[in-house]
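Next up: the structures, one after another.
Okay, so chain A shows up in both of these, paired with chain B first and chain C after.
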Partner chain A sequence: MDALPNASDFFFFPYSHLTTTTTLDTMLEARLQQAKLLKSLLEAIKELVTECNFDCNDSGIALQAMDNSHVALVALLLRSDGFDPYRCDRNLPLGLNLTNLNKILKCAGNDDILTLKADDGGDTLSLVFESKDNDKICEYDLKLMDIDSEHLGIPDTSYDAIVHMSSAEFQRICRDLSQISESVKIDATKDGIKFSGEGEVGNGSITLKQNANVDNEDEATRIELQQSVSLTFSLKYLANFTKATPLSTRVTLSMSNDVPLLVEYKLDNLGYVRYYLAPKIGEEN
Partner chain B sequence: MTAPKLHRHLASYHKFSEIERQQIQKDLLKWFDLEKRTHLPWRKEFDHTLDTEQRAQRAYEVWVSEIMLQQTQVATTIPYYNKWMTSFPTIHDLAKADIETVNKLWAGLGYYSRARRLWEGAQKICRESNGVLPNTAKSLEEKVPGVGRYTAGAIASIAWGQQAGTVDGNIARVYSRLRAIGGDPKGKSTIELQWALADYMVPQDRPGDFNQALMELGATLCTPQKPDCKHCPVQKNCRALEEVKSTQKLLSSEKRVKDESDDESEVDIEECHVCLPNDIDDELSVTRYPRKAVKKAPREEECAVCIVEKKPADSKNPLDSKFLLVKRPKTGLLAGLWEFPSVELNETCVAEKKSAKKRKPSKAVVSSDDSEDDYVPEQKSGSPTLKLLAKDSDERQAIMGKHLMTTFDIDLDSCNILRRTELGSVVHLFSHIRKTYHMEYLEIDADSIDDVEDTDQVQWISRDELALAAIPTGLKKGIKLMENLATVGAEKKIKSTPRKKVKIEKDPAAGTRNLLSFFQQKPK
Partner chain C sequence: MGIHGLTKLISEHAPGAIRPHEIGSYFGRKVAIDASMSIYQFMIAVRQQDGQMLTNDAGETTSHLMGMFYRTIRMVDNGIKPVYVFDGKPPMMKSGELALRLERRKEAEKNIEEAKEVGTSDDVNKFTRRTVKVTKEHNDECKRLLKCMGIPYVEAPCEAEAQCAALAKANKVFAAASEDMDTITFASPILLRHLTFSEQRKMPIDEVNLSKVLEGLELTMDQFIDLCILLGCDYVDSIKGIGPHRAINLIKEHKCLEKIIPALPEKLRENVPADWKYDEARELFRKPEVADCTDMELKWEEPNIENLVDFLVKEKGFNEERVRKASEKLHKNAKAATQGRIQDFFNSVPTQNTGIKRKAPADTKKDDKKKKGGRKPK
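Then we have the complex of A and B:
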């Protein structure tokens, strides 16, 4: 094998200019070492939102969108230092149809190097996938759309209960309780966190004790508690949020009575995916 | 383990001695200084140096917090309190506000008449005494609307430093346990006893802190279920705990420790008439005090609701539509909130039933005085217990049509109805009522009805405003149903009324609150 000549010895590789040079009118250029991250991110939000703006500026790429029913919100942040290189000269909203973006991202290999590019005043987003060995380059252009985005101000809340737990465990719990119930009641106390559901066939509950699983920090459940909380949420939405599980081994649930739940997946050093879900209407009044 | 029957005992069993009084005051205040929750925005240390004006401001803050905390959990209250204080930092700001702003800030807290009374109270106090709330419990209770005995005691002691006792749910529980009061918790004699204890126990020095300490104890340790007696600062003075301990001892030793007939022989000492006989299956625990109140089943009520949308026929833009909202009466359930046109379906008086019985069964009978409340649809003769005015959607629609005609001058026979469909039924639980809202949705061509000026009782508002209007939670579910309908059947218009109720459980968002009620839209 070693004796065989490399293909580039014979052929001029026509696309190399796409990945290396940056023309002056390019507004945004962001290069990710692994396409997998963006692929997973899209999987994590595309069920909730179909169209939204990716707001790019010099600090990074952010997204905020509500679902159609206005009960859930996803907020995403990719900091500029997670990219190499990252350049964005001024604020640039990229209106995208997530279903279509996902179709294109499916064409990228997990380990491909991914570059996002958009021109000033252009109406497309360019995506370039380079294979790791630099022997294959794919370029796709996706049409941008004008999206009237509604930005919500999310107040800083000091939550009464903050639970750090394994994201896989959380996914498992949501999946299991979905079998019997449409909603889940979450009770967080100083001893642990309890998820319970009730449906036509019966009821069930899962309690995770606050534990000091020192051997395996990924599995441990930690609770920061100011005050016990008890809240009920739609399981369908929570199960939807757990599509972000591949992005992080840990998830944080932040709760206070009668305010939206915050479910956060941290992306190592790069940013976060946050989901907010309004609580179910209680029986107060 | 079952407790033995509550023994007969003397009235003095429920009293504190002077030594106990001082001990409890000392222990409780010491505990409060160490353990009190400090994240409550309305809690400030009592400051002797405040002048009257500053103290009056404290009185306003305490008043607002106490009214908000009635029937509402602390955690829920905090954001509302902060929002309120930002909008109305002083009593004068509140008095100057309009009731719409006040209700909007309150939306979600429940018991809306509280907001109205605060507002009315503020106006009265500003008018009569330049914004300074009275400084004694008695005059607070007399002069300020919405301030009852409890709130008056709390404001007088916490803000004005008056030696006034007070009893709220938490304090009632603490005293019930400390003095093993086994009377009906709603009974007059029980309540009077608790107030007598509260007035006796409150110290001259730091009365506000003492009252707050009692509330705090009830909220954190002496909780309704699973009280934490081990950490209780006044456990050694607790009769309920003493009973548990002595009974345990008695049961384990199988010996009678004390013969109660001794007490009974002393005829000149008053016996207790407050306590009820013990329940047989009462658990042996301090939680047997206070006694459980006998809970009445919530009243069943049904109500027909119609979401009326007027829409320019040639417009495809949903934002051009307007929705009809009516203001609820100033008193009663959900007072002063906005709602869709609705008709209560339960109001049948006895006389009406009789006259209906005499009539032959007929469809939609209109009673002689022709008011919409007395409108009675088909009734089988010989069914005097019939309570509901309408049994199915046809009858409800008939009643609603009549209601729209008489109240809003909307004649469904002459205007162009684009769509009329049942949305389904939603049950909302109030503390004392189980209310079923039968929702329907009516879309009218805007050109076929007369434009009417909005009044302070009736308004046509846009879809955006609908999300922000002060509409009770129960009816917001109706908006949700309508939005679902709009997304499901946007193209095909349903001509006939579907008989099946919409199954709301299938929508994962059903029953979940709107995020917009928590997060504000940023201006673009």
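Then we have the complex of A and C:
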């Protein structure tokens, strides 16, 4: 298919070399100082979503996808200024199989410098891992796919209760309660936040009091409350969300009655991972 | 029995309109089920190893109760909220079809006698299955069972499929469940097939989406109804010599039955049944006799386990332990909160990606390359 380019091509069609891979016609180029970040991000979403589009444009890389049963939604944003350098000339959706992307990312060292590259209309995403001392370079190409995904408009909600807490603590609570129960009831009041579960073997609850622990900012629990809320969620999904714990020491739970819970992990200077989870609703017959 | 060859026609012309799903993905969904057809199915399928119907000590049939009890529990256990719809009196138009069925049953009865004398036991089984008839007693027992289980039911004034479709149209339920494709001709937005099948068959549920069917066939609802009549429905005879392929082409060319008949070639026009009441059949599909369901309240309640035991164990000879264990599942799910779905809260917006992709770049060279790209087709 790729005939040897002849001189006239270069003269009259300066872009004819598009048919061969060179860096000049690269559409997307994003360089990340530590591969670890992208590795952890993949760990945080790959259980929930197997295939999705990474939407790249000049402001950064975004992703939105629902899990198979359409109960949870994950939204990811990596702003362009978190990369150095970052270039994306035009909107470019990269349809990827996350299991396969994860396989390739496993080949990168945590401290490697990672570069993502894609051509306009190309059918692969290139990943380059350079070791810190610059004496090893790994290059991988991953096949892209066309993915028909439903895009949801997420309304701007002013939540009734916003809880900032330690991400490790949240992970622990979800893990502990899932031992006895399938779902957790979350009650947020001005005094604190209570997680309770009930199952065949018995029941249990964990209450965190509002505290502004000045000694250790990471451990503090802070609650911004407009109105008390009480909601029930599936622990299976929450436990899945806590796979993002390595990404941030803090997590924010935003809740209003009868709307999806927002669980947000902020990424330093780069963006966020947000999970939305539809609540379990009591009898409405 | 439904519409002749419609499933095949849809899967050819609108492949996206029928999608298989796991039963587990219907959690929290309310579904209207054609009870009369299900009971008939259970009486045919729920059998002993020797092919005889299940009975209690007194010799009364229990196949229908067995089927209804355990298959309903399977649905409830998957978080589905079923509502059963029972047939009322059949429409006048169906008398021809019903007479035919009666004839077939009589013939099967005759065959049984023969088979008993000369045939194998397989033959006997085959013909006994064809003689199955659902009586009023069977229906009443099923209604009594559903009451004990806390599952609602609706009595349709006429055809159950039409009532199921009306419930789905009125948004009282998410979908209608039936094996008959009639249900989408009655304009149920979504039809589920194989919902009441046994778990052992490992049959996925086929979800038929009416708007995608119409989109794929490029027909309006009225044209679709005419197509179904041409294919062959329960109410009027079809025209001999017109198969699915010709039927869809005729509808696309002439748009309605009135214009199709005079346009038929001589030979086929002879086959048009005398006194062909296609317009009446069309009215039956368009405005079937159904109960108004705007104010209908469907309530799922806690099961009455003691009543269930009294009925199934004491009267019908079911195993008490199994009934109690299964009822426990009903009880557990009646209490459980329903898992919501993200789309109930966030609305779908047109995907930006496809919009951008369609905008061909000014540089045609690039465009060419895109087509050659090895991307998986959608």
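Everything that follows uses one rule, which is that the second predicted complex is superposed on the first by the 261 of 285 C-alpha atoms of A that agree within 3 Å, B and C clash if a C-alpha of one lies under 4 Å from a C-alpha of the other, contacts with A are read in each partner's own complex, and residues count from 1 in each chain.
Simple rule for what comes next: contacts are C-beta pairs under 8 Å (C-beta built on N, C-alpha and C of every residue); 3 or more make two chains touch, one makes a residue touch a chain.
These figures come from a predicted structure and were not determined experimentally.
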item: Combined model on chain A: chain C and chain B, fit or clash; value: clash
item: Contacts of A:Asp160 with chain B and chain C, given as first, second, both or neither; value: first
item: First, second, both or neither for A:Asp55, with chain B first and chain C second; value: second
item: Touching partner for A:Tyr276 - first (chain B), second (chain C), both, neither; value: both
item: Chain B versus chain C as contact partner of A:Asn91, first or second or both or neither; value: second
item: Contacts of A:Gln226 with chain B and chain C, given as first, second, both or neither; value: first
item: Which of chain B and chain C A:Gly121 touches, first, second, both or neither; value: second
item: Which superposed partner A:Ser256 touches (first chain B, second chain C, both, neither); value: first
item: Partner chain(s) touched by A:Lys236 [first = chain B, second = chain C, both, neither]; value: first
item: Overlapping segment of chain B (options 3-11, 57-65 or 327-335) - the one that collides with chain C in the superposed model; value: 327-335
item: Chain B and chain C footprints on chain A, overlapping residues; value: 66, 68-73, 150-155, 183, 234, 259-260, 276, 278-281, 283, 285
item: Complex contacts: residues of chain C adjacent to chain A; value: 24-25, 27, 297-300, 337-354, 356-357, 361, 363, 365-367, 369-370, 372-378
item: Of all residues in chain A, those that touch chain C in their complex; value: 1, 13, 15-16, 18-19, 53, 55, 66, 68-73, 91, 93, 95, 120-123, 143-146, 148-155, 183, 232, 234, 259-260, 276, 278-283, 285
item: Chain A - residues contacting chain B, complex; value: 66-73, 150-155, 157-158, 160, 182-183, 226-227, 229, 233-237, 256-260, 276-281, 283-285
item: Residues on chain B engaged by chain A in the complex (per definition of touch); value: 39, 72-76, 79, 108, 110-111, 334, 428-431, 467, 472-474, 476-477, 480, 483, 487, 505, 507-522, 524
